[in-house]
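What follows is a set of structures to go through.
Paired with subunit B in one complex and with subunit C in the other, subunit A is shared by the two complexes that follow.
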Partner chain A sequence: MTDLEPGTKLASVVCATEVVVIRAPSQPVEITCGGVAMVPADGPDAHSGTLGADATDSDNPTLLGKRYASDETGLELLCAKAGDGSLACNGTPLPIKGAKPLPSSD
Partner chain B sequence: MHLDLLLDMAVSGHGSRVAFGPRDGGLTGEDLAARSEVGAERLAALDAGHLVFVGTNGPAFPIALFAAARAGIPLVPLNYRQTPEQIAALIADLEHPVIVHDPALASLVADVDAPAMTTDSFATSVPDAWSEGPPAPSNGDPDATALLLFTSGTTAAPKAAVLRHRHLAAYVMTTVEFSNADEDAASLVSVPPYHIAGVSNTITNLYAGRRVVHLANFDPAAWLDLATRESVTHALIVPTMLSRIVDHLDATGTMPPPQLRTLAYGGAPMPATVIERALGHFPDTDFVNAYGLTETSSTISVLGPDEHRDALASDDPAVRARLGSAGVVVPGIEIEIRDDAGDLVGAGQTGDLWVRGEQVSGEYRGLGATVDEAGWFATRDRAWVDDDGYLFIEGRADDTIIRGGENIAPAEIEEVLRRHGGVADAAVVGLPDEEWGQRIAAAVVTRPGATPTETQLTDFVRAALRSAKAPEEIRFVDELPLTDTGKLVRRDVVAQFLASEGTTP
Partner chain C sequence: MTSILHGTRVLEVAFWTFVPAAGAILADWGADVLKVEHPETGDPQRGLATLGVMPGASGDGADFMIQFPNRGKRSIGIDLHTDEGRELIYRLAKTADVFLTNFLPDARTRMQIDVEHIRAANPNIIYVRGHGQGAKGPDATKGGYDGASFWARGGMGDTLRPADSDLPAGMRPAIGDVMGGLAIAAGISAALYQRERTGHAAVVDTSLLNTAMWQLQPDVVMSGVLGLDDIPRFANNTAANPLVGNYRTGDGRWIFLNMMESDRFWSDFCTHLGRTDLIDDERYRDAKVRADNRKACVAEITDTFASKSFAEWRDALETMEGVWAPVQKVPELYDDKQVIANGYLCPVTDAQGNDLSLVGAPVQFDEQPHQLTAAPEHGEHTDELMLELGYSWDEIIELKTSGAIL
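The block that comes next holds the complex of A and B.
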């Protein structure tokens, strides 16, 4: 896995999903989408394959603009392009970070 | 994170919605992306190093903002109420400036030696080949400078705050939920583009999917008319605007805009007398107080609608006082209140406000970052926090009056003076004094027809506070010196006092 820092852009190999790292994890992690490790968004492997038949890999298709966070590692991602695959960190599904709605200040 | 990415997401999520302008014929997110690309290519061809925007708020502003972002250069919105000489001096300090200006403001930049074009001609025609959208943006550097914003300089000469893409993006990400606005929502923006709220509003509304309607030159009747006509649901104003809107409603009996759901205010301290009157005029509207600084990419704390209503309805003085509070900090922001020695103080005690978070830049052009080694930025505001975490801003540290070794916040005395029936507005400053170090002076604007005496007002303050805080000098003036975004220029108040005494500052 490449070094993750805020701003790093990753792409799914098997679907259209792209994410941006909002918060770097406290330790090295493996981020997968659709069960396959995510790759640098500007690299040759981005979106190069297709989603497999394993249902759990696409239980929760990614949603544009949602944030996904792992409390355990501190990792937080923003979905910049939606796709059919599900996100996981070290094999654990990444849940959508519950937004605490703020009163609109602007 | 780069502003480009936020625009790209807005296009994917709700790109066919009108983002800026009237519901019919306004600029959609897709239009904005295409125009920004045209603008970016033009800037690249001119080898631009800075895009200087001299214009009122309107759809041309987001085009300039995102064109500069795509071109990888800073946008520099300038105050168009300055003289041509002042504008020329600011531009002279920038490398490779390219100017985009409103057609009506051409004379402001006519003598500046730099490429200049009008907002009408900057990025209007989009190539036919882009019917499927402009080329995708390349990966922008999150550390690049997005914005140079000259702070209003009410206490010192203006300096340019540096805001990088990662600061602005962090603010948007943590405070706004992507694409969560209703399709019929519309936000009325009447703060100018050279104010941080004018910039942050442009981006947050685009990200939320809420259409923005601009009012270039604020006037209460025009604001109310536009809000009603465009079915405006959200608006952001500065306190002087709210004061004038309430006066207008009182004087004319006009009904408030029926669709208005949220009215956010910030940018300067809100007098309690104004917000109390406003809550009465807008019973069905949610009020939000947003406190922030240019150097923190705008809002860092928010007082929400329920807190406004609870405060107004409460008999508990501590809860009632929250009407004058800046609320609680937004996610991703930490604050500390420190004493003069740099140690933390407890609840209820006033000190210097320090702030930390990813949206905090604290950087000035030519001066570098002013945050300490742990990332804390000194806001130079004096503040305290109550037992429940509500933040109260007392004013700029530079404005604190030190009389006989005691720190006195002008805001506290001004609030009392405004409660006097004969007073419309007041500004309190410290004047040099041989005996006390500083003495307290108040410039007072009286209500029409009222003629309070100096003694009456001094007694009024003494009864509410104590004698050490009673003004020792009062001048009655026609108006207070305010910036056009409603901030009091205290050094001008001091200068007027000293001039009338025949001394110079």
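The block that comes next holds the complex of A and C.
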């Protein structure tokens, strides 16, 4: 797996998805799109294949401009190009990042 | 559809309820209100009702504390601590009629969103500030919530305490903020009119302290006129007119009588009370003798009200000529026939699919109830607004990567 640091650009092998790493994970992780490990966006394997028939790999097509985050690992990705594949981190689907309200008192 | 402010754009950089409530009213009236929130943390009011911080709120259902002051707005996540974020806020300001904020003076200066900077972007923008305790004076730079500036300092807590207790009355959530918001909305409406008429764009200031004083005005003015050290407080039903006051029903609820001109209503009141024997009773037959014999008169009325239930009295008094009202509990407002007939409660559905009702702004136009939509999610409209402003996706991704926008 490529070293992930903020600014790293990754591409899907099997669809048009591209992401930017916004927050690096606290430990090494495998990031997949459409069930296949993502690769450096400027590398030869980017967008080189096609999405398989496995439905779970395309349940949640990536959405342009959305952030995807994993609470367990601290990973946060920004979708820079949308595609048909679903993102996952260590096999767990990566959800769109929600607002994190701060506990407050009035 | 109420759209009296259609075509007016309000740029809101504000937290909590006081100033956002003003934006909510303008949104009810049809303005395009853009709520600016920090990309990471958002309005700290988010989660107030659902994170278990607020007493009585369970965390189930809609986040009602973010819903009511933010309905109908669009939310954009911008980090105003960054140069790119500031450039964006100025670009938005160019498209806006009103800039609305409750950030403290030093924060506005630090973020360069003070009058000078926003006016440099748009000289015709109406600049609106919500303060704790005013734009001037030694405490102008200090923070203020309605609990402190409105309720405590503004005299509400002491004024509303029971006559037999020195404990300040407790405050209900945001009760000063929502009134302050109403005042701001009125100020903005007048400033918009002035700008149309003369071209002058005003700086509009409202404070929670001033709002409390406005609400307590009869007591404030009386204190000055009479030179009082404290306001007079009265126990229930001790005033000269027994036809003004609370009376307890047989089942422990209350009916409030509000017949100021008691001679006009005495006979009809006694008839509805089922006490025609009191009409010509020489102790009670006119205002003068009722005042002289108020204790006995109140006792007669009190005993009579204790003989029937709340529901029975509501039926019995339905046709009474003088003004009265059942003392309702808040949940009973949902079934109040006047609330229903006038559309005062407006249904919305939040992003999670929760249905809830919000109270429409207390001014309707052309007899139309407000049609409301729910509050936005944190930064929900960031992409939409960036595209509307003419940013390309490459630029948007760049700003997202740097963290300047959500």
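Convention: the second predicted complex is superposed on the first by the 98 of 106 C-alpha atoms of A that agree within 3 Å, B and C clash if a C-alpha of one lies under 4 Å from a C-alpha of the other, contacts with A are read in each partner's own complex, and residues count from 1 in each chain.
Going forward, a residue touches a chain if its C-beta (ideal position, glycine included) is under 8 Å from a C-beta of that chain, and two chains touch if they have at least 3 such contacts.
Remember, predicted model here, so these are calculated numbers, not experimental data.
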Next item on the list: Give one of first, second, both or neither to describe whether A:L64 is in contact with subunit B, with subunit C, with both, or with none.
Entry: both
Next item on the list: Classify the contacts of A:A16 with the two partner chains as first (subunit B alone), second (subunit C alone), both, or neither.
Entry: neither
Item checked: Comparing the two partners subunit B and subunit C, which touches a greater set of residues in subunit A -> B
Check: After lining up the shared chain so the two structures overlap, which partner does A:A24 touch, if you call subunit B first and subunit C second: first, second, both or neither?
Finding: neither
Checklist line | Contacts of A:A80 with subunit B and subunit C, given as first, second, both or neither | finding: both
Notebook entry, point to check: After lining up the shared chain so the two structures overlap, which partner does A:V36 touch, if you call subunit B first and subunit C second: first, second, both or neither?
Noted result: neither
Next item on the list: Could you look at A:G7 and tell me whether it touches subunit B, subunit C, both or neither (first, second, both, neither)?
Entry: both
Item checked: Set intersection of subunit A contacts, subunit C complex versus subunit B complex -> 7, 20, 22, 64-65, 67, 78, 80, 99-106
Item checked: subunit C-touching residues of subunit A, taken from the complex the two chains share -> 7, 20, 22, 64-65, 67, 78, 80, 98-106
Next item on the list: Flag every residue of subunit A that touches subunit B in the complex, lowest number first.
Entry: 6-7, 9, 20, 22, 41-42, 64-67, 78, 80-82, 99-106
Next item on the list: In the complex, go through subunit C and note every residue touching subunit A.
Entry: 16-17, 40-42, 44-48, 50-51, 53-54, 145, 147, 173-174, 377-379, 382-383, 393, 396-397, 400-401, 403, 406
Notebook entry, point to check: Which subunit B residues qualify as touching subunit A in the complex?
Noted result: 1-2, 5, 8-9, 12-13, 139, 142, 166, 173, 175-180, 187, 197, 200-201, 204-205, 208, 234, 236, 262, 264, 266, 286, 288, 290, 298-299, 302, 304-305, 330-331, 358
